[in-house]
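After this come two complexes, each holding chain A, first together with chain B and then together with chain C.
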Partner chain A sequence: MTDLVAIIANGIVYGSIYGLVAIGMTLIYGTMRILDMSQGSMVMIGSYVGWWALAVHGVNPVLALLLAFVVAFIFGTATELVSVQPLLGRRNDVDFEMVTFITTFAVAILLTNVALQHYGPFQKNVPPIVHGNLELYNGVSITYHELTMAGLSVALMGALGLFLARTRWGFAIRAVAQDLDAARTLGVPVTRLYPVTMGLASALAGVGGVFLGALYFASPTAGDLPLLLALIVVVLGGLGSLSGTLYAAYLVGLMQAFCEVKIGTTWTLPILYGAILLILVVRPYGLRGTPSETRL
Partner chain B sequence: MSAALSVQNLTAGYDRTMVLRELSLAVNAGQTAVVIGPNGHGKTTLLLAISGLLKPSGGTIEFDGRRIDGTAAEALANRGIVHILQGDGLFPDMTVEENLLLGAFVRGSWRERRTTLRRIYDDLPVVEEKRGQKARTLSGGERRLVGLGRGMMRPARMLLIDEPSLGLAPVAIDAVYTAIRRLKQESGATIVLVEENFTHIGEIADRVHILEAGKIVRSGSFDDVSTDRTVVETYLGAIVEGGG
Partner chain C sequence: MTGALSSLSAMRWAAIGVAVVIAAIFPLVYTDPYYMTIIVTAEIVLILNISWNFILGMAGVWNFGQLAIYALGAYGSGWLMLHQTWLPLWLAILAGGVCSAIVSVLLAFPTLRLFGIYTSLLTFSFAQVVQYVAVNDPRGLTGGSFGYPTVPPLFSTLDQEAYLRNYYWTCGAVALAACFAVAWLRQSHLGISLRSLRDAPAYAAARGVNPRVTRVVAFGLSGFLAGIAGALYLSFEQSFTTSQMGLTPMSIDVTMLVIGGLGTVTGPLVGTAVVTAIQTVLIDYPGWQLTILGAVLLVIVVFIPGGVIGLLARWNSRISAWVAEDTG
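Coming up: the complex of A and B.
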């Protein structure tokens, strides 16, 4: 029972943060057919913003999160303008998916190196958003920081869902994902929608970065592991499927928590990848993807 | 009467295959022009070039006295050009109502969307019955009506309609053409409609143009063109009964 509580609590915490980072990638892939490799950098940028605001300037945590959202939004938009926008006109002449995979990856490497030059290779401590522990059951506890992280991730994903389901621009993003030409004939300005979508996704990753920074550190490579996990979650969920991403995020989170509690941390990654290999061999299109093309 | 749409020497196509070769066409304001021609001769390409989804490689297109060739589709949508795509262009994983609402995406129309939606449901009760259903679950006829309904969600100055009868059963085609006639009356828009034959267009065509191998080869009133045996047999292979 104690183990079960620990697994579920940790699984939900991990799953929420993976979901937050991965959902942006799904949004981008679903609307633009781009596997955005710069999303890890947005986590890294978010964690530096967290360090700068919380540790250096002692800013109010809410403000720090907001700041990370805005800064990552700007970086995400800029990344799109630099690495995707120039290719849009030639979308049909080149392997758009592959080329943008590389161009966004190039931006990621660039950002990592800029961070390295500017802040040096050393890890910076990011203080937690809130201090303290919550005892759940028989010695199992989670930190308030983790609880806030899970809660806010879920709230942000919910807000994204509402935005997509209810608002004019949310409608437009989904429409572009399903039929680009039809969306254009209705007046949806695709060339403006793309940078905004990438900015929005990056902003979510940036907020995730503040939380992850406190769990680990802020460093130039702080985005690498989150990027890898997000990639796994996105592919496992079925590329471009929002609901699939959520399922996969919590599945990966729970699996990770299970390994940590029952088997030992050293086995977490091998078991996780083994399971992913198995799932993808059986369902190459992911949990919620369809054998053809999956869209938002 | 002045021409609302004036296409001159239009050349357009895909990659290095030109489908339209120096095509010229003029449509008067508020009139309905029906372009008829066999498959693969450029009807859809013509509409794509007018609505801005396809960049022409030569010639000019003027709409209300302004050049629009090369202008992007999303900009032309804001200037009142409504293109109802072949195959309807519905968003398959969105509901019927969401599809309709997107028809009002352009600024100005979005504010009025609820009122407009009500009017369309009154006009097309079949569509209202399906409002909560995903577009991918609709029948061909229902899809076509939703496509037309979506075209009515904002004020149209020019309507481009691509083969509304394609793949539909006769009953469904009647419903679709009833909707098109209503759309024509309510909007007062200039219409360019393309079809493969004369069967259904008698009541709406102010002028008929025959498109063959990328060019307009014959223009005239419906009665003139549809009864001209040479035209029909040369370009369309067989005489079509009924129609007018």
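Coming up: the complex of A and C.
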């Protein structure tokens, strides 16, 4: 019973944060057919912003989160302008998915190493957003920081859903996801929409980075593990499927919590990747993915 | 010998011959151990890149698990070198290739139903699993992140100069053979099948190319070569750490392939040479190496999509068109 409570509580906490980081990747893939490898770097940038604001300057946590959102948004937009925008005109000449996979990967290498140059390899402690913890059951406790993280992640994902369902920009993003050429014909400004989409996704990852920074550390490679987990989540859910990403995020969170409680931390990633191998063999497009072009 | 090899003009053959002879004589003249070590390492990386280019560029299968295959070649041959000492070392290296080929073929099966990005994620997952298992290996077969235990080297009776020279020749010969094999395969039935499956999978399948068999064979060949490269690396460097299959070497190798030109025969050669040169020049600024390589990768992909070889080919055709215009 104690184990079960611990697994479920941790699983939901992990699942929420993975959902937040992975939903950006899904949004980008669903809209632009780009597997954005720089999302991990956005998490890294978010944790450095969190460290800079919270530990160095003692800023109000809400302000720190907002700052991370804005900074990551700017970086995400810049990444799109550098690594995707020049390729848009050549969509038909090059293998777009492959090439953008490589360019965003190049951006990730760049950002990681610039951070390494600037901040050095040492880990920086990021203070938690909220202190204290909540006793759940028989010695199982959960920190308020984790609780805030889960709550805010869910809230942000809900806000993203509303944004996509209700606003003009949301309509435009969904239209592009459904049919790029038709959306263009009807006047959707794709060259402006792409940077905004990527910026938005990166901003979510950046906010996730502030939370994750307090759980782990801020370091140049802080984005690697979130990126690997986000990859697992998006593949499991089916690339480009928002609902699939949510299911998969909680599934992965619960699986990770289960592994940590029952088997041991070192085996978590191999087991998750093993699960992916199996799922992809049975369902080549993930749990909720569709082979056709109808996504989001 | 058919196809690419016979289509080369006598001039080209002469040029290749001269280049090979110069490369073969080179270590007799030049003996600086520091740079020789870098060159031999580059040769080994070149073998790996040829194998990766074959599956990634020529077959168009997004295999991002090649470094794990490479590592398994090293571990497989290393086990033979340490524990089956009756076996000649060169046979152990060859066995490393066979071991990798088998794993690679096994990896090919789950990817058969996948396309594009999903293939890359599955193979990448595979590589991650291999790396984690190797790092956390409970029985000490891999040496974990501290590296593989020292294995007996080839040419152990020679002094350092001759030792390096012999490794240079061995690895160079393997790389050369791999280059020719790929050039020949490219024009062979298999190569044409692979390229047609890459460019128009449905049409190729409709014309009777079996996608499954072709892909499995391509994985096997590429895996064999990667395994040989891994075994040579272990034999030459006397160590193999799990960081050899991490993200950093992977990004360097991808940079090499993209700079040279994916899917071309000589691309890996050019890419490996250029990137190794950049790394060697920047050896005193280790932090800047990857920053600059990342920037170079970005610029090449965005502005020179075909890599250096593609650029040269375009210039070449432009010049010959210009000459033809002039004479005709």
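Here is the rule we use: the second predicted complex is superposed on the first by the 292 of 296 C-alpha atoms of A that agree within 3 Å, B and C clash if a C-alpha of one lies under 4 Å from a C-alpha of the other, contacts with A are read in each partner's own complex, and residues count from 1 in each chain.
Basically, a contact is a pair of C-beta atoms (placed from the backbone, for glycine too) under 8 Å apart; a residue touches a chain by one contact, two chains touch by 3 or more.
These numbers come from a predicted model, not from an experiment.
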item: Overlay on chain A: chain C relative to chain B, clash or fit; value: fit
item: Which of chain B and chain C A:90 touches, first, second, both or neither; value: second
item: Contacts of A:276 with chain B and chain C, given as first, second, both or neither; value: second
item: Which superposed partner A:189 touches (first chain B, second chain C, both, neither); value: first
item: Which superposed partner A:117 touches (first chain B, second chain C, both, neither); value: second
item: Contact breadth on chain A, by residue count: chain C or chain B; value: C
item: First, second, both or neither for A:58, with chain B first and chain C second; value: neither
item: Partner chain in contact with A:139 - chain B first, chain C second, else both or neither; value: neither
item: Geometry of the superposed three-chain model: angle at chain A (Cα centres of chain B and chain C, steps of 10 degrees); value: 90
item: Touched partner set for A:174, first chain B, second chain C, both or neither; value: first
item: Shortest CA-CA distance between chain B and chain C [superposed frame, angstrom]; value: 16
item: Intersection of the chain A residues that touch chain B with those that touch chain C; value: none
item: Interface residues, chain C side, partner chain A - complex; value: 60, 62, 110, 113-118, 120-122, 124-126, 128-129, 132-133, 136, 247, 251, 254-255, 258, 287-288, 290-291, 293-295, 297-298, 301-303, 305
item: Complex contacts: residues of chain B adjacent to chain A; value: 51-53, 72-74, 77-78, 82-83, 85, 89-94, 98, 101-103, 105-106, 110, 150, 154
item: Footprint of chain B on chain A - complex, ascending; value: 168, 171-172, 174-175, 178-179, 181-190, 295-296
item: Of chain A, residues touching chain C in the complex; value: 35, 82-83, 86-87, 90, 93-95, 97-99, 101-103, 105-110, 112-114, 116-117, 224, 228, 231-232, 235, 239, 266-267, 269-270, 273-274, 276-277, 280-281, 284-285
